[in-house]
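Structure in structure tokens, see below.
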Amino acid sequence: MPDQVFFALEVMVNGLMVGVMYALVALGFVLIFKASGIFNYAQGVMALFAALTLVGIQQGQVPFAHLINAIFGTDIHHFGWQVPALLAIVLTVLVMIGLAVLIERIVLKHLVNQEPIILFMATIGLAYFLEGVGDLMWGSDIKVMDVGLPQGISDSIDRATFDWFGYGFFIDRLDIAASIIAALLVAALIVFSQYTREGRALRAVADDHQAALSVGISLRFIWVLVWSIAGFVALVAGIMWGAKSGVQFSLSLIALKALPVLMLGGFTSIPGAIVGGLIIGMGEKLFEFIVGPLVGGATENWFAYVLALLFLVFRPQGLFGEKIIERV
Amino acid sequence: MTRLTTLALGAALAAGPALADLVFPDLSYRTGPYAAGGIPFSDGYQDYFALVNARDGGIGGVPARVVECETAYNTEKGVECYEATKGEGALVYQPLSTGITYQLIPKVQADGIPLHTMGYGRTSAANGEVFSHVFNYPANYWDAASVAISYLSGENGGDLTGKKITLLYHNSAYGKEPIRTLEELAAKHGYELTTIAVDHPGQEQGSQWLRIRRERPDYVIMWGWGVMNQVAIQEAANIRFPMENFIGNWWAGAEHDVTPAGAAANGYKSLNMNRVVDYPVFDDIRTYVVEAGNAAGDGSNVGSVLYTRGMYAAMLAVEAAKTAQEIHGVADIDAGMMRDGMEALEMTAAKMEALGMPGIGPEFSVTCQNHGGSGLGLVQQWDAAAGTWTPLTDFIAPDDAVIDPLIAADSEAFAAENGITPGCAES
Amino acid sequence: MFYREAGDFKTRYADDAQSFPIAFDRYRYYAVMVLALGVVPFIVNDYWANAVLLPFLIWSVAAIGLNILTGYCGQVSLGTGGFMAVGAFACYKLMTAFPGLNIGIVVLLSGGVTAGVGVLFGLPSLRIKGFYLAVATLAAQFFLVWLFNRVPWFYNYSASGQISAPERTVFGVPVTGPNTDAWATYLFCLVFLIGAAWLARNLTRGAVGRSWMAIRDMDIAAEIIGVNPLRAKLTAFMVSSFLVGIAGALFFSVYLGAVEVGEAFGIQKSFLVLFMVIIGGLGSIFGSMAGAAFMVLLPVFLKNLLVGGLGWDTALAAHFELVIVGGLIIFFLIVEPHGLARLWELAKEKLRLWPFPH
Amino acid sequence: MSIPRLLARNVDAYGSEPAYREKDLGIWQVWSWSEAAAEIEALALGFLTLGAQPGDTIAILGRNRPALYWAMVAAQRVGAVPVPLYQDSVAEEIAFVLDHCEARFVVAGDQEQVDKLIDVKDDLPVLAHIVYLDPRGLRKYDHTHLTAYATLQDAGRAARDDLMPELVRRTDGLGPDDTCVMLYTSGTTGKPKGVVLSNRNIIETAKNSAEFDRLRRDEEVLAYLPMAWVGDFIFSIGQAMWCGFCVNCPESEDTMMTDLREIGPTYYFAPPRVFESQLTSVMIRMEDAGALKKWLFDRFMALARRVGGPILDGAPVAASDRLAYRLGDLLVYGPLKNTLGFSRVRVGYTAGEAIGPEIFDFYRSLGINLKQLYGQTEASVFITQQRDGEVRSDTVGTPTPGVELRIDESREVFYRSPGVFVRYHKNPESTASTKDGEGWVATGDAGFIEEGTGHLRIIDRAKDVGAMADGSLFAPKFVENKLKFYPDILEAVVFGNGRDRCCAFINIDLTAVGNWAERNNIAYSSYQELSQHPRVLDTIAGHVAAVNDSIAGDEMLSGCRIHRFLVLHKELDADDGELTRTRKVRRRIIEDKFSDLITALYDGSDRVSTVTEVTYEDGRKGAISATLEIRDVIPAPADRMAAQ
Amino acid sequence: MNVARNVAGEVTADGRTLGGTLMDLRNITLRFGGVTAIKDISFDIREGEIRAIIGPNGAGKSSMLNVISGFYNPQEGEVWFRGDRRGPMRPYQVARLGIARTFQNIALFDGMSVLDNIMTGRLTHTRSGLLDQAIWWGKAQREENAHREKVEEIIDFLEIQRIRKTPVGRLPYGLKKRVELARALAAEPKLLLLDEPMAGMNVEEKEDMSRYILDVNDEFGTTVALIEHDMGVVMDLSDRVVVMDYGRKIGDGTPSEVRNNQAVIDAYLGVAHD
């Protein structure tokens, strides 16, 4: 039954594409964990916040309009202008950098040297906070993300594959775009970390906090830097996922999809995030395709975790994590 | 400071009922994953009461008071809201959440406060002999499934034999509701049913839609809520599934469900329990409520699908209250009287016309045996260019022959489990 | 300030190791018990029971359970919601399969079932540590919820997958079902909380607790001094799940009465309990209760303040609530990363030293 | 009547009630009266196995522990005389006492004490056997003359059947005039003297004093004072046996304060310097308190100063003040007493030296019934005591029941009582010079009985009371005490006997002054540097001037005003022989040692350089040199200066 | 069956009598990946002796101690303990055989008080099960009190009464070392392993610690094996010394023998070490 095989292949390819989307989210986690040892649960909410901000700016929404109206009895909603997508993206990046600075100033500075779980909890607090602020700022209705990304089936691939195999493959153009953007993003990160002073500092800190501090790298600067980058990555993820489902609260839940990716890839490895994302994406789609119908489907939520769990049992440090050598 | 704490405490202690008005709690959700659906419904619900107060001077001369309580679609918060508001003399609850409904069913039966779950909640509550205080008129999920099949049957000249129909459902109690009905109907109509579950929240439906693309069903019926709807419609567009063959239930057919997909969503259909057109009553609302600054929201939702439904729900509540006032001959009714009013509610075309919303819903009358109304529903279609939903059909009747036994079986099971003797109490 | 410790000396190890070695603390504890058992039941009403006290009691049990695992044994778990679901469904199945079985026993058995499931999901903890483990426990969370949603046997093939608790009585007084009195449900849950606290206290004060804490503080050293890590971790998972399962059973049967698994025992619940434990204080039974009180009462209080007190519209209030809760969590972590329990300890210490500053 | 007989009575009366407690292994180990009696019996039998004879001397050397108290009673039971020694004495001091009392056995606390004994054993032919309590580190020692306490008890138990009749015979043979204990007085001069006290002395005194304060069976005392000191013997053996109350021994010297707090004694004795240092630490700790606490503290302490004493004395106080005092008790006094461990003190005593009125009043104002007594080893402690309601800081109270007082024309105080000692051991001359044929004993202190109240007031040591060149009274101790009431001043030595004016040495209190320096950002690297800091000198000068003012009014003592002083560069130390072990000033020795400084004080020079020999803790000797500044407080009249 | 070389009754240089062989290590080889940390080392530890293992940094001393305490299982060679050959074991199983140790970098449980830390040393002697503990009153409590008494004796022995209830995190370094020793002693080990017990201490603290080690050996008759850098301490304390260099044994004997061993002088004493 070649059709079945082709279909399986198609599922796989689509899984890989989704995996890229997962990896995009996971990347934000990895960056922050690598540089500061913080497991940033707020990454998902940051993606939501970035996407909300982008759309809000694009549509010329007045921030905190609801609050202002409630307090002053005014009735304002929009400035009445539309901001071009590119400019809006730049502005959003600036907002995310500002957010990074604030997070460092208000939260992280006071929690230096705390146990990881405390920092983790702080990021959950941050997630609540940002969610509330995002709602207050831009409202909690669903917004349409439109930055000109293509969407829908790629006809050329459909046609080409049909010509070759007699089976038209479905690939979403958004997924293709996401893959390209993800590749560009990773390339940019590599260039940044290899060829810029800040990037090298970042790597130094990731390798060894103490050593980095002793050669005069400001940890606080690094933190702002890495949170800014994570904010940028969150924006990219927010755009991609927002284009799929509209910008709304549920966007923040994509963080949950990134966690098994992290387990699999290792918390500190960028290639791990990518490869982990691909494996998880492909794995869960294939599982849903092959086993799903037997057990009633909707397996994707847990399968990724169970896959990662089984994997970890055999390799506790993840795919690309450093081997744990126990010493006394 | 003193004021704040006393007030906070006062609220916490649920101050004694203020008898001078009719209290309609609104368990709304303006935050959380389903806020997009919760906001317009709540706006419509509240605005109608505001209209009644402003325009008619209340219900039978008694002003209505809406007590809003945020649940965030969360059952525990729903319970908290219920407990916090019931002491204020609440007449009827409209929780807009199947989960909360299930919590409240035993509680309202015990407290004697009616619960109106309009087109959601526990379907078998239509059996008023078992569920004395729960009403789910004008229609329920099983009605909806049946209406959808009836509609498709009508499209196909009355014959669905050999057709492939796929149910894409939210993997929750709500999503699973229509499965039994559709299965029964499949046996009756001879179509082939496949069900595909989407887990909460439903952001990622790639594999489900690949499957749909491969299996090429003739129709896809969707039982979704929240982000699942938007993603499904987008994915349907992505695989170029013909939108006119894609029918959502009435909780998957609002503006915000289709707008993220843009033009690609054009032609998507959904069920509705109420007709959405520009009713005269909207002008009244704009005049008496929005412009007076008393709107629950910013007024931009007026006329949208869920706003209209919220308003419809409020209208049914007001009419039931009026009925209660007539039955008991007092203006200041209590929850028990409200229940009687709901059980004696009759919606006629003339009544709706008079209220400025002609044909907004089907005609129906509630009885002790039937708390579920007529079960009629219509099909509407999204016009992406105009940005409006257009009613395609008139109200379609469900297949009661299939549904009634299901309701009887389920409600009897509940009665047995909870030691309820079915019957109509003398009220 | 109120402490009078002079003359309070111990002549036996048992006295020295008792839960409240200081007389004043002991009296306060007795007072709280008298209040909780002897006064509150007579004045509690529906609102206080259902909106405040029941959730507080039940979440306290869950938080004590998680605290044993996370606070005492150092194994971070995000599977609490899933384990509560196990407790709830076990309770439902037992209630419907054995209608004559006393509900108290049913709840305990539910805890037992959960303990077994917990041990199963605790096995990976031998290999997986830290955040990897935390994320791995999410597998339990998602899988269990999916399982209970998917397999109709668990919800007795009901159409919607909802489970609802039939009426059960204790000494003839209904504690589940629609016709319960506030005081009865309150007392029923209170008994379990007291039992949970007692169990947790006993286990954490002795050898088992020390082996947990040794694993938590330095697992390698613990193993070298003779702690069997497998046993320590699995017992922690077992006891923790037992309590969490009891909490789940009570949550379903007494508090909500009807439950849909994905909604009632979702991932948010796992986070909520973790919050309670951390805000309250890791490794503290009192902290678990304080954390539960904080997380249960704060939203209720804020809501009443913002909506009832200030008259804000609910949406604005709800958004602000998120901001305030998030902000407070961060604030507390900054002020006292070791939680309310530590703050309480410090306050106690201050009072003991009063009027001296140190 | 004897101590062993009281023990037997207590066993009968309160057999299972606690008799001894010791903080050991983390908890308070308890022995009931019967258990303690069994332990004592076993040890006494053990002594018999060692061949102890009536009249033998058994020395006890170690910190306060129940087992050592039992050793004393066990010694009595075999007819021997217990001689407790100061545990911090150096080997030579121990050797002297052991030689003098011809001790045949020593019961030592631990390895440290055993080591000291072994060092000197060869010079002590009579010393036959050493019994040690704590076996730690002694396993490898030659055990021919060394036995563990427990081993000895085991031996005693094993030989019970054989020796019991003999033990019973000896115990029953004890009478009121048999020696109960022999205590060595530290003595401000010369070698220690062994004061022989009979059972009558001890028991009569214990009885009288216990009745005086209505001591009960349920008192709690903390035994922490040196066992060789008569006070400890009276409290922990005499009164404890008489009343049947429980004696609590701390875990170690380090944990004394914690243990005090845990036990919360109801009957408590401490020398003034203990109260003084506690008050100093209270004040220092309060310095760091927040504004609110400080305000509360200051406010309520002011109230307490006003009404606390009267309330304690049962004097009438306004109801509002009483109420405020209650509140203060809740907020300040109660917690304060609690942290100090004084919550339960019913009767507290201080003696040995004069206590500063502020210090005394401070404790009394908190509601602690702190009183003064006046006593001596030779009197089995009690000569005068303050009666409840008649407590003042400047007197030492009225005679204890059974005591007669007499003041002779040289102002020396004499007494006669049932507690008067039998004799000085092997020192009939001293005995004769101290105790006359009628039983009157010279205290060596000068004092007078106050008109009207009958309270005794002590001025100074009789031999230290001298005359100035102009014939006016010179009472250095009186002035020194007034100076020492300032927390900054640890010790003061006033000179002036036979001279035309008084001058003084001052020792600063490193804790108090150091704390003050820290607060005022004054850097210093050594005690010496701090002692010579100009601002320190200014402060001290202020204190001296204030003391002068207070004396000026007293016609009898106005000649003792201090004209010049210097602050010493080292702390006066018992190791250097400048103080006695009980920290009394050895005036003669100081005069010799620092003669150069005294000369400088009187020759008008502004500063003086000196070199002083010191002994370090490890026994090494060294020398420190310093230049000290001399301050004038009362400027010398110009003509006198010119005349010199 | 005791097949180890039994030399009971042999008398050491300072006149103490040594017991039979407690532990015998035969041809131990330990590799990490490609690196060989220990090459074919054999030596024994006799009952009641103080056995030192010395050598320059990286000589494999700690690895050797880790082999003894079961933290590493050697690839080759045999470990005999109390006459039985020990197969591959988890460290906690080794601990239960009666081998306790301290760590080079203090490994106390920071979240617990001193008392609780030392009580963990009693875990190998705990008999009451989970259910007993859960009920507490009765067996568990009795056992707890018995352990407490034992631990208090050790607290007394090491003179740390004052800090009994202090959280270990607040203690200064020297005291932490002492608490760690107390924890090891609480297990009443047959063999006590000390990994650089005096590292980072000043002279006074070292003297104290030496005193305690000797007292432990003397009072409890505990066999001690220790690694120490301070040669003076090693020579004073130990009965016999094993010298290691680059994973090999280069000397073994009494302190004076070792001191005069040319190979040792060349390899170790001759070169500067930290």
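So that you can tell them apart, the chains are marked A, B, C, D and E in the order they are listed, and the count of residues begins at 1 in each.
Keep in mind that, in the parts below, a contact is a pair of C-beta atoms (placed from the backbone, for glycine too) under 8 Å apart; a residue touches a chain by one contact, two chains touch by 3 or more.
Keep in mind the model is a prediction, meaning the values are calculated, not measured.
Student: For chain B, which other chain has the most distant CA centre?
Tutor: Checked the centroid distances; the maximum from chain B is D.
Student: Which chain's mean C-alpha position is nearest the mean C-alpha position of the whole protein set?
Tutor: The chain sitting closest to the overall C-alpha centre is C.
Student: Please work out which of A-C and D-E is bridged by more C-beta pairs in contact, and write that pair.
Tutor: Of the two interfaces, A-C and D-E, more C-beta pairs touch across A-C.
Student: Could you tell me the distance, in whole angstrom, between the mean C-alpha positions of chain A and chain E?
Tutor: The separation of the two C-alpha centroids amounts to 51 Å.
Student: From the C-alpha centre of chain B to that of chain D, how far is it in Å?
Tutor: Inter-chain centre distance comes to 90 Å.
Student: Provide the C-alpha centroid distance between chain A and chain B, rounded to the nearest whole angstrom.
Tutor: 35
Student: Could you work out how far the Cα centre of chain C sits from that of chain D, in whole Å?
Tutor: Going by mean C-alpha positions, chain C sits 57 Å from chain D.
Student: Provide the list of chain D residues touching at least two other chains, using ranges where the numbers run on.
Tutor: Residues 26-27.
Student: Two or more other chains in contact with one residue: find those residues in chain C.
Tutor: Each of 12-13, 16, 146, 149, 220-221, 224, 313, 315, 319, 322 in chain C touches at least two other chains.
Student: Using the touch rule from the top of the page, what residues of chain E touch 2 or more other chains?
Tutor: Expected reply: 71, 103, 107, 148-149.
Student: How about chain A: which of its residues touch chain C in the complex?
Tutor: Going through chain A, the ones touching chain C are 39, 66-67, 70, 106-107, 110-111, 114-118, 120-122, 124-133, 135-136, 140, 256, 259-260, 262-263, 267, 295-296, 298-299, 301-302, 305-306, 308-309, 312-314, 316-318, 326-328.
Student: Sort out for me which residues of chain C touch chain A in the complex.
Tutor: Touching chain A: residues 70, 76, 124, 127-132, 134-136, 138-139, 141-143, 145-146, 149-150, 220-221, 224, 267, 271, 274-275, 278-279, 282, 312-313, 315-316, 319-330, 333-334, 337 of chain C.
Student: Which residues of chain C touch chain E in the complex?
Tutor: Its residues touching chain E are 12-14, 16-17, 199, 202-203, 205-211, 213-214, 216-218, 220-229, 235, 239, 283.
Student: Would you tell me which residues of chain D are touching chain C in their complex?
Tutor: Those in contact with chain C are residues 21, 26-30, 220, 261-264, 282, 285-286, 288-290, 293, 296-297, 330-332, 334-339, 341-344.
Student: Where on chain E does chain C make contact in their complex?
Tutor: Spelled out, the residues of chain E in touch with chain C are 69-71, 90-92, 94-96, 100-101, 103, 107-112, 116, 119-124, 126, 128, 130, 133-136, 140-141, 143-145, 147-149, 183-184, 187.
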